[in-house]
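Look for chain A in each of the two complexes below; its partner is chain B in the first and chain C in the second.
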Partner chain A sequence: MTSITPEELIGPVQASPERRYRQWLIAIVVATLLVIYPVLYHHFLSNVATNWLPTMSTAFGIAAFTVMGLGLNFVVGYAGLLDLGYVAFYATGAYVAGWLGSQQFAQVTVNVGGTGFKGASGIHLNPWLIILIAAVFSALIGVVIGIPTLRLRGDYLAIVTLGFGEIIPQFVRNGDNLGGFNLTNGSFGLNGIDGLGFGNTLHRWFHFLPANFLNEADATWYYWSALLLVGLAIGASILLRDSRLGRAWVAIREDEDAAGAMGVPLMRTKTLAYLIGAFWGGAAGCMITLASSSTSPQAFSLQVSIFVLCMVILGGMGNVWGVALGGALLAYINYQGLYAAGNTFNNVFNSNVQIPEYSYLIYGILIVSFMLLRPEGLIPSARRRLELHEEEDETQAELAETAPA
Partner chain B sequence: MTASPTAVQAPPDLLIETRALRKEFGGLVAVADVDFELVRQSISSVIGPNGAGKTTFFNMLTGAYTPTSGEIIFDGNDVAGLSQHKITELGIGRTFQNIRLFGTMTSLENVLVGMHCRLRSGVLRSVFRSPVQRREEREARDRARQLLAYCGLPRHAENEYAHHLAYGDQRRLEVARALATQPKLLLLDEPTAGMNPQETRAFIDFVRKARDELGLTVLLIEHDMKVIVEVSERVTVLDYGQKIAEGLASEVVADERVREAYLGKQAVG
Partner chain C sequence: MGTGAETAAEVPREKPVLALVPRLRGKLVNAIGIFLLALVALWLIINAVKDWQQFTIVGLNGLTNGSIYALVAIGYTLVYGILELINFAHGDVFSWGAMVTSTIVVSWLGLTTASAGFSLWGSLLLGLLGAAAFCAVLNMGVERVAYRRLRNAPRLAPLITAIGMSFILSNAIAVFYGFDYVSTEPLLPTSAVFHIGNQAYGWDKLIVLLITFPALAMLSWVVKQTRWGKAMRATAQNRDAARLMGIDVDRAISFAFGLGGALAGVGGFVYFVYFTQARYDLGFRIGLFAFTAAVLGGIGNIAGAALGGYIIGFIENFNSGLTWHAPGPNWTESLVFMLLILILVFRPSGILGESLATRS
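Moving on to the complex of A and B:
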């Protein structure tokens, strides 16, 4: 076996200036392409293989779920806390969207730059404000869930988070009569939620900003909105990774006791990871709900948690770009890829197989193959690769040492 | 007979003092009512056969374990039962018996984690890269580099993953990381384990130098008698969780009970 130097295995730790320059160049080109994707799609690509290319609403879904993947990456990828109940934050974000942008609380009439009719009863805030509030509220819920659970480690933590992922939907399902007060509308969920948009007020001030994206020709603005969230989440991921807090997370992931002994406050640091993860989960959940105009407890199944976790693992735990790519890929497969594959398959073989029906089988195969063939994910973080390959590395080092000089 | 106030010897300036410190695990008494004290800027050792409770004793001082009973007075505060990071912040730094570096972090990052409790930037400052945060980060990196050099790590080790460092460098990095917490008391758990005589020699000199230059108080757990006699001013001997002897290294080594604990009764008798 040929020996591998650490540099070959994981690349230089400090990117050389040229490498860094190239990385930035790639990032800018990709970002530009993503932003102008709707234009490309409409003017050049829609006649070619439309079937496979993500439509605008698929693109929106992809971007929104990518934000969730990036959020979970703070918890699982950075701090190494296995969270199987991430859907809880999707739920809180979704319900904040409903509370602050529908007629759920018809007792009051509040309208602050909303997208709905001016005199409509209920609370109607500007969708962007709702998203911000939803994110902050979810972050608070994250702290509330985190404080009792984050004392646990490893598998135990995973099981308790799994429990919270179930508790929140149950609470929502039964929250239609809290001492006579209808908070969640039970299993019917919240309906008639205001659409995503800039709101009538902002539209009057700046005409190019649509009041309600629902009135636009297609989902381009939805996509751009979600893409903005992706950009913000990626920015936050990178900036926090390279900070005092990011280092503390990795230290906890590596060796919790040693991190504590070195002065890292464990509970506080882990809770912060949870809080920030919940922030993005809530923001994404809120945006998805505003776009779909309704939400209900059925939407918050364990599958969503697992799905988002798969994004993180598939992409490359702890690596922002990997998670973004993995998230986008899985969401694409989920929204459109399977249908497209099914259609193509049926056309070619002149068959009538409902490929999307086998979605979980296909995800399962995908995950198992990834874990076997490329456990570090699509674009692994240097650290993760080192972890997963350190045994091979050690064996080689031992072989080299025992070899006669 | 009353001595005049001037004749009373000034009490030694203690950095840490334990009173009847005790730790039980179920029925097992790992550390039994140990009274112990350390004079500021001294170098002392805790010795004892395997399983004597030395590491448990260390773990109580650093807050990894909560004592079953007893007091730990560190620098005027009762720290018994405080969480680890609070104790670290008050000024107790440590290394581990089996090296416990953050393997997939670079040497520099390991030291920066040690500085965690001395840095202030939180989420918002980091996300917005405020000038305060950037200056703090720059200064922290500079200080971390100085510490690495101080502890004798080669220049190129800075960006090397801790996992890839040579064994001796890993030991040095552990000390650098502990020093990064700016301790008043440095606890070294078997620091020379696995070192050859030259490395051990250099390490002893380093500990003395660090004590003098940084004003440290050092407490070691050690097995190597040569190191113990050479470096420690005082030695405390634990056996079955009890303190069985204490004093100057040369006295303690000659103590019958200590020899008994190490060699067994018959060998001495």
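Moving on to the complex of A and C:
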């Protein structure tokens, strides 16, 4: 018997029981801390006057963008398809939120469990339902984009997705007059979008459940909602990673031809990666829009796509925990860290440098240095690291062979 | 007795209906492609017949804009031909060209609208050479720092690095020149060369062509006739074989980047003196258009890149300048990217290229 076990190749495939136990313990502790963070913040930490601590709205932004990072991880991390137009799904989710929860279509008056005031014109669906619809609609758009483009490989796919990422905002910007019909309200965007909430009925029964989160003093409830979404996305990531589909993705990522030869249906598998990635992008985009109550085409630049891509790279492509950490870290830097750092810097050196303005310079440096120095990210997935260092290992093996004994 | 054989013969052989789909699909795809092309041709002819003066002048403007795309597109194609890497940072090298031009021509040499004669043309020549040299060195530097180490890495790695470099370069412009437009008074003479009807064709547009065409001719000469060009082509064809033949592959690749950078510098120069303004994020749009041009012509193919550049220039100008049922300038980017997607779906090898799209 000379067959090589997977363990010999890539180390233990499944962690030992003790390790798994420890991992779950850490996960539960971290999750608990995250859930009670608002309480800690309000009761203890807000007295500690510092602008470094994430406020509630920062925390919400972090959580929402982490969902996007996790969504993109399905496409880039698992299936190895570089998607530079992820912002398209953010846009889709955002506009679905606007269409179904504001007075954009004032021609009709529909109200199904909406959180806005009763009798308002326009379509007002229940915001939780809107998130689901936005996610499903984005997934559909993902399939529509994916079917013609996923036949292409690597960099061609990247450039086409980038094209879509540019077309969709322009469509939104010009969509105020599509044959006389105002679909998107042009560059003004959609405003007055209903907030997320439990609705008046539930509020009357359980008084501690707010009817509309927008009326609350801060974004605590939004943070909890987004955290729920993060939990769902992480759960989906783990379940799918260990499924037949997840293994098919990895096979395609490692060698598309070999995967095809082994009977992996390439188009279907890749389209599914796209669909699921788009699903979470749409959900996160929708939630961000429900929290800010407005959306406009200016928000959907390539930079958002790159920013989310940065999260995936920084954290470790293909590793759920890495991406969650990378996403949280980058989103924090983007929302608050850079401002705090800029203020501290200016205080210490008595200067007036607007550090946040140069955020994309910093992200650029981050991307390049990570790709050059640590392409596997902060918390690498074992398999991905092997792929990325394959060449080096081979060279080292060759060197070892040719070296005089 | 014979019934068994008969029934076997009677049962029609199962026609695998689904097996026809791929063949039909190929034909269908071609039919749709030809139909779309015919539609565009028809639209152009109707516009030309309705107002041929406007059509001609818009076409000539397209030639001028297309020149800039062509100059930038060649840089993409050179690098892709040799490394199979989309050098995202190339568009930003181009914006650096425009910015350096502004520094040399306006800040150092102090050109104004009033400048004329030797002081104008001498300064412009200096600006042109300066921008080209700067961008050549910049592009080579980018290759040295960001791409060389990743030459054997999985393909996504250098691509992602290229995106990062693009952000670094464009934001570095913001650090040195600020986030606002850097602009100048019109430097080129804008008097009319000739009139078509009541529309004038200005000298500035002609000058752009007079700079671009020699630059393209020179590039063609360098690539086809010189030892360096030969080394570069050999490396593009087969890197290992080229190395075995004694070609310094690293230097050949560096040379390709330098050449592409120099052309981007010329493009940046032309852009700045023609449009008289530039901004740090200029390279993004121009770079994408130029990349589309390179794909349109067949990536890796230099003549194709130039051709693609001119086609994009025409599309941009016909779309915004024609009057009969043109979508208008608001849709230019969508049209160009739609075109990109359509090409990649219908004819991934581009107009002049060989099939590369499925190479992994």
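Worth a mention:
As a working rule, the second predicted complex is superposed on the first by the 376 of 405 C-alpha atoms of A that agree within 3 Å, B and C clash if a C-alpha of one lies under 4 Å from a C-alpha of the other, contacts with A are read in each partner's own complex, and residues count from 1 in each chain.
As a convention for this text, a residue touches a chain if its C-beta (ideal position, glycine included) is under 8 Å from a C-beta of that chain, and two chains touch if they have at least 3 such contacts.
Predicted model only: the values in this text are computed from it and were never measured.
Look at A:Asp257: by the touch rule set out above, it reaches both chain B and chain C. By the touch criterion defined above, A:Ile367 reaches chain C but does not reach chain B. By the document's definition of touching, of the two partners only chain C reaches A:Pro148; chain B does not. Contacts of A:Glu18 after superposition: neither chain B nor chain C is touched. Of the two partner chains, chain C is the only one that A:Leu84 touches; chain B does not reach it.
Using the contact criterion defined above for the overlaid structures, shared-chain residue A:Gly163 touches chain C, although it does not reach chain B. Once both structures are placed on chain A, chain A residues 257, 387, 390 are touched by chain B and, in the other complex, by chain C. Partner chain A is touched in their complex by these residues of chain C: 84-86, 146, 149-150, 152-161, 163-172, 174-175, 179, 284, 288, 291, 295, 330-331, 333-334, 337-338, 340-341, 344-345, 348, 357-360.
The part of chain B that touches chain A in the complex is made up of residues 62, 64, 83-85, 88-89, 94, 96, 100-106, 109, 112-114, 116-119, 121-123, 126-127, 129, 133, 137, 159-161, 163-164, 177-178, 180-181. Here chain A touches chain B in the complex through residues 6, 10, 12-14, 235-236, 239-240, 243-248, 250-251, 254-255, 257-266, 272, 276, 382-384, 386-387, 390, going by the rule given at the top.
Within the complex formed with chain C, the chain A residues making contact are 80, 82, 84, 148-149, 151-156, 158-160, 162-164, 166-167, 170-171, 173-174, 256-257, 302, 306, 309, 313, 357-358, 360-361, 363-368, 371-372, 375, 387-388, 390-391.
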